[in-house]
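Working notes, structure below.
The first chain written gets the first letter, and so on, giving A, B, C and D; residue counts start at 1 in each chain.
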Amino acid sequence: MANLKTTITGIGLENPLMLASGILDENGYTMKNILESGAAAVVTKSISRSERTGYRPPIVAEVPHGLLNAVGLPNPGIDNFGNEMRIAREAGKPVIGSIFGGTAEEFTYVGRKMEEYGASALELNLSCPHVVGVGSEVGSDPELVEEIIAELKGKVRIPVWAKLSPNVTDILEVAEAAGKADAFVVINTVRGMAIDIHARRPVLSNSYGGLSGRAVKNVGIRYTYQLYKETGKVIIGVGGIETHEDAVEYIMAGASAVEIGTGVYTRGKTIFPEICRGISSFMDSEEISSIKDMVGVAVQ
Amino acid sequence: MANLKTTITGIGLENPLMLASGILDENGYTMKNILESGAAAVVTKSISRSERTGYRPPIVAEVPHGLLNAVGLPNPGIDNFGNEMRIAREAGKPVIGSIFGGTAEEFTYVGRKMEEYGASALELNLSCPHVVGVGSEVGSDPELVEEIIAELKGKVRIPVWAKLSPNVTDILEVAEAAGKADAFVVINTVRGMAIDIHARRPVLSNSYGGLSGRAVKNVGIRYTYQLYKETGKVIIGVGGIETHEDAVEYIMAGASAVEIGTGVYTRGKTIFPEICRGISSFMDSEEISSIKDMVGVAVQ
Amino acid sequence: MIHSIIERVDRETPTTVSLLFPWDRDVLPGQFIMVWIPGFGEIPISLSYTGKIKGITVKRFGPTSTALTELKAGEKIFFRGPYGNTFRKTGGETLIVGGGSGMAGLLPLITSGSHGVVSARTRTELLFADRFSPERLTAVTDDGSEGIKGFAVEGLKHLDLDEFSMMYVCGPELMLKSVLDYISDKKIDADFSLERQMKCGIGVCDSCSMDGLQLCTQGPVFPKARLLNSREFGREKLSLSGKREKL
Amino acid sequence: MIHSIIERVDRETPTTVSLLFPWDRDVLPGQFIMVWIPGFGEIPISLSYTGKIKGITVKRFGPTSTALTELKAGEKIFFRGPYGNTFRKTGGETLIVGGGSGMAGLLPLITSGSHGVVSARTRTELLFADRFSPERLTAVTDDGSEGIKGFAVEGLKHLDLDEFSMMYVCGPELMLKSVLDYISDKKIDADFSLERQMKCGIGVCDSCSMDGLQLCTQGPVFPKARLLNSREFGREKLSLSGKREKL
């Protein structure tokens, strides 16, 4: 049996599979349950400084080969999140705190609290609306990204991962700005929309949403490969992983570990142990002895 | 029976379905065959000033829910394309000339020739590599886009459609630069990649490719909606259309007509008459009497 | 989204209507759909009719449910599903305990052999009480305007629970909790159909969760044994934002 | 991509090998696969073995086909497919006419009742000639080193075509054209398996097209009647770039 243990920015993982941010990670008991189901780590729902209720339903639309969502980043605010962190951590595995904000100060406030709550790393969700430049995201403002990460790196000791948006002209420009981060996480959802032709209107209450699931897998593979090749950083791959082949594809494209979101909806929570078994037998048949030996092997 | 006739930038179409550029439109006889199969118009393969052989196979990869391609824009060069245009036009329906280049002069040279060959409109493929800024596309350089369109509009009488890339941070910026175009065509393929885990390398000889088909439909709907709403321009929708519901979804999002590429692969050439029948019975059951009455009705 | 055309509208109580519509799909008692009213919202509603013609029974509450109760025959209804699990089957006499709109999801379980404990705020709101033969009905009202005065659990106290092979319960969570507490040391087994805030209905948003389980995919029906040791049932839930609150 | 492990390699001629590998898929004679040699390229190759164990027979040509002929048993082979259509079935005696590697795709059609016209540049390159009983074989070589000297059509001239119910032909397009011209006013029916540049194999790139038909999806097998009035068959094709050229 192949050994699936690995480490990511110094954090030991019993296998390379983590729960992605925003899927079943608002309630501490749910996160604990997912960890007990076989995920090596969970990333929390993205948390901000103040409480947000998010958008009115419909917040998801089931589209062919994926999900479209516009949940609206609901979260209780970091000050109300300690309890959930405590409950999740009862599973004895790493809990990664996903955080967002509009300014470096907000990120720092939330990040320090997350560290206090025992987060093993911070994942910065840079795909949230940015107030200054209307319509744009924090992640498409390289100067702001640089400032946020510089500030955070000075204030917390745990690793900082930058989760990048695929909705940009040139991801390398953002990656360069985020160069001080310990790892890059790609991808967040791809912007999309679904219209119901019988109701003659967009399905999501927010009209626009983010596409995830199988539909975006090849987009995630591309960014994983490109960032691994061009930046040499530690990469965490996410987007459309539903089978062990998908996970291995990300790893060979350069991901040191992967996250699974929509796959939990299409395949259930047993997706974690199932993919682990699949990776393990793939490694056995291909005579690969460790996850690290697969990382980036397809990169030319 | 509902009437499917419509017009787009002054060009009469017997139905709103056109063949997308790059799929079965290199050989004049094939374009003629597709027109005879029921497409209202065809858009040619993208043609440049000089001949190009394109990339070595594999140039396509069949991925779940779509296709990944990196054909490399092979084309005989505009001077060798007259024969194909003549053969295609024997069908007596509009043939749209897709053209590309790296400079305004190249676009103009090719566009004028296309007009001479009898093209009913020009579709500018702005997603081709741009030599000056390495790694970027013509379509992500707003000044160049503006120059190309201004130049062309002064030199040809046929309508000019600007086909925009979805791989940008802010499509409205590009749309503004392309503001003099008579219509916008969205979307070209979404950048992606596929790795074969048994061969441990990217499948496409070019490594990176463009994703099309069902996987990108919701991305195309989003851009159609956004451009229709924010620019008020004539929009031609393309990306992942395989059923009449998909076509209607694009039209309700703001498309005056649509193009079909990958659908010809998944459903065969009969996709054109099949979707026409579907739209027609949908219109009958919803008591809609013309295509124009559906355009943009879902836009809030 | 699935859509159908409403075939019939039945007014059940002053605040509650049933909408019946064709939908060619096998569904199970206990399952629910996410009903979308374009422009208002999307809410989970149990299927109260599970035969060839499907139906839902909706109580007016906020904007979405109100818009739903105002739909007319011939209008379109939009929804997705069916979602969720079903009740355990059993032989013998069953006891059906519904509070408020909770009776809606229990309707498909009512047979000629069922005994019902139907509770509501007041007599006009007793939902589907007429589906039980009078000698098998225990009505309970908060205001005492009909039957026993008090909450549903008061109705149970008037019955010999040993007569029943199984109890099916649906209603507000605090009512379920009081029923569970009452039967916790009794022999009778029970299935409880829970209602919590549901934003997605498909097991991704975590808004409906309890003890790490998602009501929308792993519920909404849970057996008595599962709830007895619950850390969150009847005690705590997360608000719309995800803030932990006492129930 | 599909992958399999090569089980056996047979050297057929100095430039041609067969690769046999397990692939649990029903395929039909005439169908082809797109074979990928990572780092070299991807080319269309007919399935020469269509039973439980599949096989291809490849002639060394450019870099990709050469790499393919150098694979060993135990190595991986990557491909996608099967693609394309198949030959019409017929009763009676059949005539199989193959030129060069064209015999590969015809191999599954050879039965004990088949007569073969096998042509090649030279005697050592006569592919699968040994699959016909000697009295049913007409060998043709360009250099006259075995059998009749000349092109395939010369072999036909030595046969009474009325004896056959059907002819199956595969080889370079100009050979097919000369065969078609020869039988155009004769009674015999024929299926021709064509080979043209194929970049995608799935009907999108238009590189293999002829008369508006795609060889990869609507072919590669076409009946005599379809080719008789062709505007492009045997005359013109598009180059790698799409430039119209004389054949």
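The definition used in the following text is that contacts are C-beta pairs under 8 Å (C-beta built on N, C-alpha and C of every residue); 3 or more make two chains touch, one makes a residue touch a chain.
Since this is a predicted model, take the numbers as computed values, not measurements.
> Could you work out how many touching-chain steps separate chain C from chain D at minimum?
Minimum number of steps from chain C to chain D: 3.
> In terms of CA centroid distance, which chain is the most far removed from chain C?
D
> For chain A and chain D, let me know how many angstrom lie between their CA-based centres, rounded off.
Whole-Å distance between the two chain centres: 51.
> Could you grab the centroid distance between chain A and chain C? Build each centroid from C-alpha atoms only and quote it in angstrom.
36
> At what distance in angstrom does the C-alpha mean of chain B lie from that of chain A?
Computed from C-alpha means, the inter-chain centre distance equals 33 Å.
> Touching two or more other chains, which residues of chain B qualify?
196, 198, 201
> Considering only which chains touch which, how would you classify the arrangement: line, ring, star, complete or other?
Basically the chains just string along in a line.
> According to the definition of touch, which chains form touching pairs?
Listed by label, chains in contact pair as A-B, A-C, B-D.
> Taking the touch rule as given, give the residues of chain B at its contact with chain D in the complex, in rising order.
22-27, 29-30, 32-34, 36, 45, 51-54, 56-62, 67, 69, 71, 74-77, 80, 83-84, 196, 198-199, 201, 203, 205, 261-262, 264-265, 268
> Going by the contact rule set out above, which residues of chain C touch chain A in the complex?
Within the complex, chain C contacts chain A at residues 1, 3, 34, 36, 38-39, 41-43, 76, 78, 80, 199-207, 209-214, 217, 231-232, 238-244.
> In their shared complex, at which residues does chain A touch chain B?
That would be residues 63-66, 68, 135-136, 140, 167-170, 172, 190-195, 197-198, 200-202, 207-208, 211, 214-219, 221-222, 225-226, 245, 248-249, 252-253, 282, 286, 297-298, 300 of chain A.
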